[in-house]
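Just so it is clear, A, B, C, D and E label the chains in written order, and each chain counts residues from 1 on its own.
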Amino acid sequence: MGRRSKNIKKSLGQAPGTIIYTGNKENTELFIDVFDYNVDFFEENKLGTIEDAYKYVDSEPITWININGLNHVEAIGKIGDYCKLHPLILEDIANTHQRPKIDEYDEYLFLVLKMLHFNGEGELHIEHVSFVLGKDYVLTFQEAEGDVFDPVRNRLRNAKGRIRANGADYLLYALMDAAVDNYFILIEAIAEKIETLEDALFEDKPNDDIVYEIQVLKKEILRIKRAVSPLREVVNRLEKGGHKYISERTQFYLRDLYDHIIQVSESVEIYREMIWGLMDMHMTTLGNKMNQIMKVLTIVASIFIPLTFLAGVYGMNFEYIPELKFKYGYFILWGVMVLIFAALFYYFRRKKWL
Amino acid sequence: MGRRSKNIKKSLGQAPGTIIYTGNKENTELFIDVFDYNVDFFEENKLGTIEDAYKYVDSEPITWININGLNHVEAIGKIGDYCKLHPLILEDIANTHQRPKIDEYDEYLFLVLKMLHFNGEGELHIEHVSFVLGKDYVLTFQEAEGDVFDPVRNRLRNAKGRIRANGADYLLYALMDAAVDNYFILIEAIAEKIETLEDALFEDKPNDDIVYEIQVLKKEILRIKRAVSPLREVVNRLEKGGHKYISERTQFYLRDLYDHIIQVSESVEIYREMIWGLMDMHMTTLGNKMNQIMKVLTIVASIFIPLTFLAGVYGMNFEYIPELKFKYGYFILWGVMVLIFAALFYYFRRKKWL
Amino acid sequence: MGRRSKNIKKSLGQAPGTIIYTGNKENTELFIDVFDYNVDFFEENKLGTIEDAYKYVDSEPITWININGLNHVEAIGKIGDYCKLHPLILEDIANTHQRPKIDEYDEYLFLVLKMLHFNGEGELHIEHVSFVLGKDYVLTFQEAEGDVFDPVRNRLRNAKGRIRANGADYLLYALMDAAVDNYFILIEAIAEKIETLEDALFEDKPNDDIVYEIQVLKKEILRIKRAVSPLREVVNRLEKGGHKYISERTQFYLRDLYDHIIQVSESVEIYREMIWGLMDMHMTTLGNKMNQIMKVLTIVASIFIPLTFLAGVYGMNFEYIPELKFKYGYFILWGVMVLIFAALFYYFRRKKWL
Amino acid sequence: MGRRSKNIKKSLGQAPGTIIYTGNKENTELFIDVFDYNVDFFEENKLGTIEDAYKYVDSEPITWININGLNHVEAIGKIGDYCKLHPLILEDIANTHQRPKIDEYDEYLFLVLKMLHFNGEGELHIEHVSFVLGKDYVLTFQEAEGDVFDPVRNRLRNAKGRIRANGADYLLYALMDAAVDNYFILIEAIAEKIETLEDALFEDKPNDDIVYEIQVLKKEILRIKRAVSPLREVVNRLEKGGHKYISERTQFYLRDLYDHIIQVSESVEIYREMIWGLMDMHMTTLGNKMNQIMKVLTIVASIFIPLTFLAGVYGMNFEYIPELKFKYGYFILWGVMVLIFAALFYYFRRKKWL
Amino acid sequence: MGRRSKNIKKSLGQAPGTIIYTGNKENTELFIDVFDYNVDFFEENKLGTIEDAYKYVDSEPITWININGLNHVEAIGKIGDYCKLHPLILEDIANTHQRPKIDEYDEYLFLVLKMLHFNGEGELHIEHVSFVLGKDYVLTFQEAEGDVFDPVRNRLRNAKGRIRANGADYLLYALMDAAVDNYFILIEAIAEKIETLEDALFEDKPNDDIVYEIQVLKKEILRIKRAVSPLREVVNRLEKGGHKYISERTQFYLRDLYDHIIQVSESVEIYREMIWGLMDMHMTTLGNKMNQIMKVLTIVASIFIPLTFLAGVYGMNFEYIPELKFKYGYFILWGVMVLIFAALFYYFRRKKWL
């Protein structure tokens, strides 16, 4: 789908549970930051090594450890071992092709989702994010710096809203909600692209690339659909699953999140239908243009070909062509030709071709 | 979808439960009216402030408080606090992008639906309405004045039908029923628009805007579908949910309402299929027209091009062209040309091109 | 959908349970006939007023009361009150837009279905029929005289088959079966219409109305689908519902009826697919025709335009054109032109355009 | 669907359970053959009258009675009465329009399926077969002689495989398996037809009937789908139903049969998609051809029309046209015309039209 | 579907459970290799006859017996008898048309799946693989040598990963995982093919085979879908089925495998949609090209036909044509003709045809 990773083959043929980074940001530096908080306490920190994170995991307050740099597979392995995560989960954290999923284990919950955004050139970028919810901590794993979680960070810092008064499950919800909120912006961008193309089609602009642009849009919406639609199931199971780390209070919020995802999914379906319709519109526009072109040709040819024939007739060199001798023959012929012209003109007018 | 709100971004990145108005009627005045009634008693009142409403909520008779002006978020917050509504519900009341939903809480029921109508210019308008059903009261929240609830108001005033003899659950049903009844009018309007376009296509009117109009209709039906189809689930859960504030007697009515929504949904699906078919019809009409145009060109060219060639031949200046000396050469040639004309005319006639 | 009732607005904004006739047969006379029977006894009667029917409802034998004339809403109201029918049911009896449904109450069953037939002009007519099955009686409500129940009447009169030996539930089944049997005739008529259009398309008849006829057929099949498909659910619930008035013996027959409805539904789906395919076929036929037309134009033009050019060349008035002086120049040119003609003819033949 | 029976109306309006043959093989002779067998015993017999069959039904060994000639409704009635079959089952045996179904009764199982084959002229024929499985016997009912059960007969005669060692339920399975096996041959034939049409389309053969042939294929695959798809449900219920006459051992085989039917259904779906795609391919092929045709026309016309104009200019009779006096005017003009020709030729070549 | 086996008929009409090879690799040699291992022990062996395999089945360590050569039906029969496999399973092992399935028996599990790869000529090859999981052994059956299991073999040899420390159920998982991993490579190849075709369409390369190539791709994706989609159900039942030979530990891995299959299925669906879209793109491209062609024709003809007419007029031989006598008549006419040319040129430019 246009962004196929050359790394896909790296992960094939390996033993299950082997941690292999399949993205293409090979040189990202490892970047770890930690938020440790409860209602009364708040600490924010950047860590040098993954081992520094261990003490936060064990500490009393709620902890959010955000790890950027999926290429650092040994760091992922270490924190995974420390938190006793299943090897398959570590594999999924580093495998950027993994679709959104939820895995429920006794002592933790594992979730994958995708952050979507259009970059400066209007190209769709898909970022792989993994979440681990354990006892009083949340781990997040991202490919590189730059994410949609800043509103959550600010709420943590400013103790705004309910976030500091709730548990790690609410933090997980808040992070997912930030990611889903971002989908709405994406959907808006898609809607704008569709309208731009529609306008181009209505205004008959001689844009040869329009088929190409529609095709690109088709692929984008299919990729978005693929990133968004498994999330319905994920959040539904998160809400309904009754995991011991999800409090009843947070379930209300998850229900709301589920609602948002349904709304995004519906929009994706609607825009998909609209994009498919663009191709039809383009065909119709082409057909319309063709009709215009052919009308011009037909009118010109139908009027002048018979007249040219007439002129040809009186250009013949027969010895005896009586009309040629008529004094006003030439003018009479002009008269006839004007009459024919007028008749044909009227005929095409009545047919609404003119 | 053509009516994208610039306010969508306002609500993103906020803590969940923050009340933000996402519509574009920013300057609407707060307008509150109250109906307080039972079989024997009736009072109708306009209120100045939201605090005036509190005593009605607590009073014995059935109360309907209708609040217009979702931009007054602090008023929504106050009444919400007074009625102990969950913060997420208050967010949904002000969020005009919220799709139809039902949330069941122990002490109240929360519902969202959409009122749809075509305005004077034939544009589709979608109004966001929220309902809260509590003990002996119904709250409704709307963006601005002007709704479809007047028949219900009249029945309340005139004590017509069963409405004054039933509880708040019946009032909720009556209000929803009024909204759904209105969908039928909308559906009629869509049907009329389709027929107008069909007629335009059959009569081959040279309307360049028809593709545009079909496209607009497509979007309208998709938006209607989006507003109507979640309602099936909403009313179904309302009927089946067995909430303590929904009496068995009202369930019969809700079943009937569900039936109406199914009927609207089916119509929407059918009209959607018809609208998609319009594009095909248009393509066929274009193809048909093209055939007409090309037939004219082909007939004219096929008849006169060979004749012109003949005339050209006898316009040549060769010194020795015996036919030119024939006394009746010119007339013989005319004869030949008329014969060719007749033969080709007959040929095209037999092919049914003429 | 082409038969939109102007009465739809009458019923909107009314209190639920108000009986309003929404069809357009406003002047139909009230017509009531009664069949009272058991194995040994049979009485058939036409009644003047609805009150005359009461005694039959109460009488011991099985009773079928058929009421024609839905515009007589007060008569419907009276019999409804006498049989203690729910007001919403009376509303549905008179509301000809009501889709097929089943409502199960403790003391009776209520069913709506549609009778479909093509009238003399080949237009689809949809008749609204309601059934009430109570203790030892069946009420049927129709818009006007003229129905598909005559075979049932004859079997009642002649004591043919099992009908007189069975209860009111079997009578209900027999009436529904008669209506469904009639669908098969309708389906046949649709099949014939499709074949007529296919033949017209294959034979390339210059029928400008074919797009229109396909469109009409599309609407008809959509309307039929709408009338038939809810019936699956209706009969399924009737069979499975275990209502106290449906005997186990009749359930076997209802299962068979369900089977028939499935068969009709499948046919409707298949014919729908065929009708949609007609549009594609038409497009292809148009494309084919266009190819024919363009081939003629191309062959004629490609042959004669170069020849005309040649003739033009030797019609020029240059003082010194050596070929013109050649004795057999004219004949040589004819030879060349015949050769060119033959070469092009052979070329087009090889391309299979001729 | 092209093979509509004129007998359909015969069965309408009759009391349910009336046995009416709806096929068109009215003059088929009644033909009854019997296989009576167990592990040690085998008897094969042709019977003259239906009454001769009674003793086999009652006898100890497994019995298969095959009755050809559904027009002999009184014989069907007799054997039905003897085996105490429900009247609706007898109706279904003779009703060749009955879709595949299963009816479970306490003392027997009733099944309908369809045998499909292409006859000599390549037309699809659908044969109606009914099975009754009772205690130690199987009845089969067919329209006429000629079926797909010969492999089963041979295995019975030669005591090959497990068939003689198993009960009547295994015989039923074996017969159904033979019918389903035959579907694979049918599917192969459809695949061959599709490939023939594809080849015809790729090779651009001037076949005017191709739209017709695609349409016929469409109808055939729809009819096959209709005959095959209900069978999934039938066999599934047969396997899962736990009827007392179906042994656990046979269930393994039925599961396998179910698997085969799924495989056939999938093939039918895939071929259906391929056939629908043929129409698109045809459209594209037409478009391609059209482009070819128009290129020829455009090239010829674009080259020779300007040249003809030039020749026309120097054929004018103005008294003073200086070029005409030039000694080598004629040759210079030829040079100019050759240059124009070469330039246009090069232009079209670069556009890849030549 | 282009690779129809002539052997399909061989298997029809046979008693169920007869082992018949339906592929076309008739002359493959029988090739048996064995892996016998546990944490501490490892033995790899090639066997001469099937009887040599018996002792490994019975031995304590985990055993994997891989049998290549489905044409050796008697060997399949022998090992089947030794392991007490149901005859229907043996039939399915040799029947290469069998779709992916799972059969659960008390003492073993039977699975079928397909290995897919593109061969050197880019043609899709589908290999039939069967698995039997018994107590401490796995049997695999393949048509011929050459499979995707080498990574598993290497892990067994090198005691890499968890494989030697787990039971036969993990081995089964590892083998299936290897096959599914391979699907990702296939999917990549399909994506590349689609992009190649898209590029060809965008660049308007005069490739006449593009319709053919799209058609081939359509068939390939349908065949892949058919091989992949039943696998969802297979692995789901394997995970959920709770068979006594599937340990809880392995279920985690199977859940992961299921996830991969869903991912492959989604890709297949998306690429299927893309491939269908290619045909539309091709149609649009054709329409675009046609417009180009017709514009050229229309512009040339519309400009030169009127000019030729003018030249024809002054080529007429009327005795009295005053213009011909004008001194600068010829030059005035040229002026007029240049003016007409310029006017038309401007007209077409404004229409954006030039």
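Basically, contacts are C-beta pairs under 8 Å (C-beta built on N, C-alpha and C of every residue); 3 or more make two chains touch, one makes a residue touch a chain.
Which chain is which protein? Per UniProt: A, B, C, D, E = Magnesium transport protein CorA.
As the structure is a prediction and not an experimental result, all values here were calculated from the model.
Engineer: Can you list every chain that touches subunit C and also touches subunit E?
Structural biologist: Intersection of subunit C and subunit E contact lists gives D.
Engineer: What is the set of chains touching both subunit A and subunit E?
Structural biologist: The shared contacts of subunit A and subunit E amount to nothing, since no chain touches both.
Engineer: Could you give the separation in Å between the centres of subunit B and subunit C, each centre being the mean of its C-alpha atoms?
Structural biologist: Taking the average C-alpha coordinate of subunit B and of subunit C, the gap between them is 26 Å.
Engineer: In angstrom, rounded to a whole number, how far apart do the mean CA points of subunit B and subunit D lie?
Structural biologist: 42
Engineer: Report the inter-chain centroid distance for subunit B and subunit E in whole angstrom, where each centroid is the mean of the CA atoms.
Structural biologist: 42
Engineer: Two or more other chains in contact with one residue: find those residues in subunit A.
Structural biologist: 283, 287, 290, 294, 297, 301, 305, 308, 312, 315-317, 321
Engineer: Drawing the touching chains as a network, do you get a line, a ring, a star, a complete graph or other?
Structural biologist: ring
Engineer: State the interface residues of subunit A toward subunit B in the complex, per the touch definition above.
Structural biologist: Residues 150-151, 155, 160-163, 173-174, 177-178, 181-182, 184-185, 188, 191-192, 195, 198, 201-202, 252-253, 255-256, 259, 262-263, 266, 270, 273-274, 277, 280-281, 283-285, 287-288, 290-291, 294-295, 297-298, 301-302, 305-306, 308-309, 312-313, 315-321, 352-353.
Engineer: Give every residue of subunit E touching subunit D within the complex, in rising order.
Structural biologist: Per the stated touch rule, the residues are 1-2, 4, 8-9, 12-18, 86, 88, 92, 97-99, 101, 103, 204, 206, 208, 211-212, 215, 218-219, 222, 226, 276, 279, 282-283, 286-287, 289-290, 293-294, 296-297, 300-301, 304-305, 307-308, 311-312, 314-317, 321, 323-330, 333.
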